[in-house]
Amino acid sequence: MNSTARRKKVEILADQPLVRRIVEVVKRCGVTGWTVLPVAAGGGRLNAWSDDQIAGASAKALVFTITTETHAGELVEALTPLLDSHGLLVWVTDVEVIRPERF
Amino acid sequence: MNSTARRKKVEILADQPLVRRIVEVVKRCGVTGWTVLPVAAGGGRLNAWSDDQIAGASAKALVFTITTETHAGELVEALTPLLDSHGLLVWVTDVEVIRPERF
Amino acid sequence: MNSTARRKKVEILADQPLVRRIVEVVKRCGVTGWTVLPVAAGGGRLNAWSDDQIAGASAKALVFTITTETHAGELVEALTPLLDSHGLLVWVTDVEVIRPERF
Amino acid sequence: MDVLLSPVILFFVLGALAAAARSDLAIPEPIAKGMALYLMAAIGLKGGVQVAEGGFSATMAAAAAAGLALSCLIPLAAFALLRGIGRLGRIDAAAVAAHYGSVSVVTFVAGSEMLKAAGMAPAGFMVAVLALMETPAIIAGLVLAKGAGSSDAEERGELLRETLLNGTVVLLLGSFAIGLVVGKEGFAPIAPVFDGGFRGILCLFLLDMGLIAIRRLRETRSLTLRLAGLGILMPVMNGTVGTVVGHLIGLDAGSAAALGILAASASYIAVPAAMRLALPQADAGLSLAMSLAVTFPFNIALGIPAVSLLARWLAS
Amino acid sequence: MDVLLSPVILFFVLGALAAAARSDLAIPEPIAKGMALYLMAAIGLKGGVQVAEGGFSATMAAAAAAGLALSCLIPLAAFALLRGIGRLGRIDAAAVAAHYGSVSVVTFVAGSEMLKAAGMAPAGFMVAVLALMETPAIIAGLVLAKGAGSSDAEERGELLRETLLNGTVVLLLGSFAIGLVVGKEGFAPIAPVFDGGFRGILCLFLLDMGLIAIRRLRETRSLTLRLAGLGILMPVMNGTVGTVVGHLIGLDAGSAAALGILAASASYIAVPAAMRLALPQADAGLSLAMSLAVTFPFNIALGIPAVSLLARWLAS
Amino acid sequence: MDVLLSPVILFFVLGALAAAARSDLAIPEPIAKGMALYLMAAIGLKGGVQVAEGGFSATMAAAAAAGLALSCLIPLAAFALLRGIGRLGRIDAAAVAAHYGSVSVVTFVAGSEMLKAAGMAPAGFMVAVLALMETPAIIAGLVLAKGAGSSDAEERGELLRETLLNGTVVLLLGSFAIGLVVGKEGFAPIAPVFDGGFRGILCLFLLDMGLIAIRRLRETRSLTLRLAGLGILMPVMNGTVGTVVGHLIGLDAGSAAALGILAASASYIAVPAAMRLALPQADAGLSLAMSLAVTFPFNIALGIPAVSLLARWLAS
């Protein structure tokens, strides 16, 4: 039998050059880990873009971390200053984790 | 304090060459944005595949958009004609977004 | 009108070389399909890593499958032996699928 | 015979063996795609430079017309065989037929290398014929499928545009035009990359093709023995027809063989992508398995040498 | 004129036409990035080897000083124009100004090739000037934006570090230093890659630049006619100033033209990344559209030839 | 000494410095992997061509046997040191020991280049010895860990298959065989890529290695001073033993040095992947940090020159 528990998955869509900074914020919030997914293309209010830029300056990445509700709240709080200034997108999903002690 | 709100995340798994068409459908449904993630490999009813094709003709991508329940419903409706003919997979998740006005 | 239904999305984060083995476990659990997303970077208890390794030995991938609650339970059960020994992360989300007969 | 022991072919065999033994050897996908683009630019350029040297001729126009005709007509014959012998449904038969009417750039490139090694290099303009043959078959395939799928007029227009402006076609014709404009002199400074590097890159590319062909063969469940047989019968027939037509319109032996190779080859780049959009109900895995895992290796190992012999025999 | 028919330029045109016709031709992103790194390593090495041959001189110091000054001062003039004529807000004007003060490596490379073909190859040390000009403009841009954004002292220090250790700068200066150390003799064994392959790779890279430039132009909504005009006016002005300054400090015609090209060019690699961090509120799409889709093609087609003529006329 | 100022080494230093200064310079991962595959194909081919020229000999068999023995026995000694001095647990010690028994292709390549520059090029068959030494150490390591992990008989068979058919081994031996078959003449047309391009690509590859080695060093938390010391002691010991054995079995100075370099080098491609599957509980970061961030730079900077001196002294 596996023990399971509710956790929060916080996902952050951000510009590639910002990822390092976001990961620092994530780490400060006491989470046990984080993962970055590559993003191929997208479009929003201003421009459509795709990752064909030579420098990756307009490329994005998706950072996510699965953590307890408390830590998730702290993380969202800590990300607030970057939210408008750097145009992040942040959303939270309920997930059921196996081995809750790992998150 | 951040205001949060419930939104729907609609995810669409489709063949690479179809992505452009799907994005057009997505845009027509009044969403504020969309993102495409690359897909490395997969398997279903017919064949397993992996993204080692020279032409990418059998490659897939994952398009997602986070939007209101109403727009999500419209999007699902609009995708219906493509669902069987083009073998799309579509699923919807509840998410909690920060800065609801952005979605 | 589309018929929709509740399903479970099981996500497994694992080392790249393990993916083949995990996919075998997934297939044995009667799911209709599975998808692998590339992972760019991450960090956990021991080391931060990013996918700049020449061999990809420290690279990870994210396998997910959308399936019924029963199959999801069986899959989680079947993954248990690999959970600690191979350091997998596994979590489950509720999703609403269109065309339930495909999952 | 000697040509089968060239590094290019041996690397293909190495890839095939590695895949058959389930080795984890793999070429990163962007590298494979980069090499494909490089090969197209290189043959386009070299063809253009050759035509710039040799000038235009009536034979060129005849070759172009023959290529276009073959690309339109081969799908009809293929369709009949695939429905009759192969027992495929209309849509799947039309999709596969389109693959066989169109051409494979890499088969052409490998064939040209072998012909060159045998002292019967095809004319430079055959590159343009190659580019011309890529797309008509797609339209023929769609006509055969009789507008199946949800395609209305607007969608069909869009598809036609996408097909004609397919990356392969644009790069091939574009490089050909650049070769024409710059000529031998303008080509010299870029020759180390586009000429010197050509065969080495081709080796690595064929290594990847060997890996992909066998892996695809293993993953495909819908490839019956009958269909595999057609994957060999069709290139034999098409190759013969192409070579004979080439001979009849007055091409030299090398160019006639090249036309035969084009006719015998089946697309696995441009057509699959187009079919995914236009005939999404067709089994994409089947078309790729036939063209990539059956016909391509057959052509590399036997088809090209056979067609060369035929062309030489006709010319003698 | 003849230089506009070189393969390098023609591949750029091919890419631009393909993108304009909405072809799906695309170069995989890792390949494009790999080619960019290769080009930087190659020009760094070749510049260093040349300086190792020729030795240091007072002119070199003067060129370096002139480059630094231009990179600091161009943003001021650009800022005024962008606010006055371009009607941009302070932050956007500062961001765009930083792009124009900094330099484009590929424009420099294409320019060098054209100058070489015209018999007026720039001196090897111009590569070091190029590297020096990359970053001061970023700082000038931030000063113009007056510390807008949430940047405190610590963050500014971090940004400065990141800017100075930007990958482009490190690779350029590092390869330059390696070229200096190994000299002509040490360079010989690696010359097939870094010299022989140079122009061919440049062709493929410019093919990609053509594709990207036009695609970006189409995707951008905030590029007004006034701003597009400035995207041409600024390189004309900066190119003239750079060339004249180069002439006045005693550079040979080729090197003066190269300084003009550097001044006229606008960054689309280093600066966009830095601005994303330091001025995230700025419209990144606008800066890229101006530098990549307006100024870059203008420089390639008209700016470089014009600056060469000016330099030759000044020297005569 | 002069060899340390070759471009190949200087690019490694540049990468290391850039990573130490936290520059964002990075080579896209598919490019790095593509270069690794290229290097393996190239050394395989060149080795095979050389053996095709020179023919087989008893020395070759002796070298192969010596290589196999070293790959099996080095892990035993390493295991004892890692447990005793390094204070590692059994599983971690076994995993690290497997890395040191196996070999590093890039160290071999860099070493061959340096030996060649010093006029003592190793024999072509050493490439085959390299390929043979890759996998026995993995099995030795697993035996040392005494079947730890959940591996039953079936799983062990699977692992053995995967290890023996590892991409590196297949490509090395396959290219070697191709080189043997085609010989010098068949190699000529592909020589521009596989010979002409070799050192230049090696430069770019070592630039990436420098970046990766230092970044890994920084990210690893479990590398103690004792273990770092062993990361230097082990190559010294293994290199000495390998060179002396090479001398005793009658290898020429260059080949004996090459055997020493192989013994001294530690795997960071094939073995980490195998250990991830077979000993997943082992700390993968630690093995990579030791082999990549300690032993690899040590070998490049000091180990290879030292082993060369030793081989020359033994031969004199």
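A, B, C, D, E and F are the chain letters, set down in written order, and residue numbers restart from 1 in every chain.
Note that a contact is a pair of C-beta atoms (placed from the backbone, for glycine too) under 8 Å apart; a residue touches a chain by one contact, two chains touch by 3 or more.
Per UniProt, the chains are A, B, C = Nitrogen regulatory protein P-II; D, E, F = Sodium-dependent bicarbonate transport family permease.
These numbers come from a predicted model, not from an experiment.
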item: Shortest contact path, subunit B to subunit E, counted in steps; value: 2
item: Chains in simultaneous contact with subunit C and subunit D; value: B, F
item: Target subunit D, source subunit B, minimum contact steps; value: 1
item: Maximum centroid distance from subunit B, chain identifier (CA atoms); value: F
item: Which of C-F and D-E has more C-beta contact pairs; value: D-E
item: Same-residue or different-residue interface between subunit A and subunit B, half as cut-off; value: different
item: Furthest chain, CA centroid comparison against subunit E; value: C
item: Inter-centroid spacing, subunit F versus subunit B (mean Cα positions, whole Å); value: 45
item: Whole-Å separation of chain centres (CA-atom averages), subunit A against subunit E; value: 34
item: Where subunit D touches two or more other chains at once, by residue number; value: 26-31, 33, 192, 196-197, 273
item: Per-residue overlap in subunit A, given as positions that touch at least 2 other chains; value: 37-38, 93-94
item: Every chain pair in contact, whichever chains are involved; value: A-B, A-C, A-E, B-C, B-D, C-F, D-E, D-F, E-F
item: Touching residues (chain side subunit E, partner subunit F) in the complex; value: 28-31, 33-34, 37-38, 41, 45, 161-162, 165-167, 170-171, 174-175, 177-178, 181-182, 186-187, 189-194, 196-197, 273
item: Of all residues in subunit B, those that touch subunit A in their complex; value: 2, 4, 7, 9, 19, 23, 27, 32-38, 61, 66, 93-99, 102-103
item: Residue numbers on subunit B that touch subunit D, as the complex places them; value: 15-18, 21, 46-49, 51-58, 81, 85-87
item: Complex contacts: residues of subunit D adjacent to subunit F; value: 5-7, 10-11, 14, 17-18, 21-31, 192, 196-197, 199-201, 203-204, 207
item: Touching residues on subunit D, where the partner in the complex is subunit B; value: 26-27, 29, 32-33, 36, 149-150, 208-209, 211-212, 215, 219-222, 268-270, 272-273, 275-277, 280-281, 283-285, 288
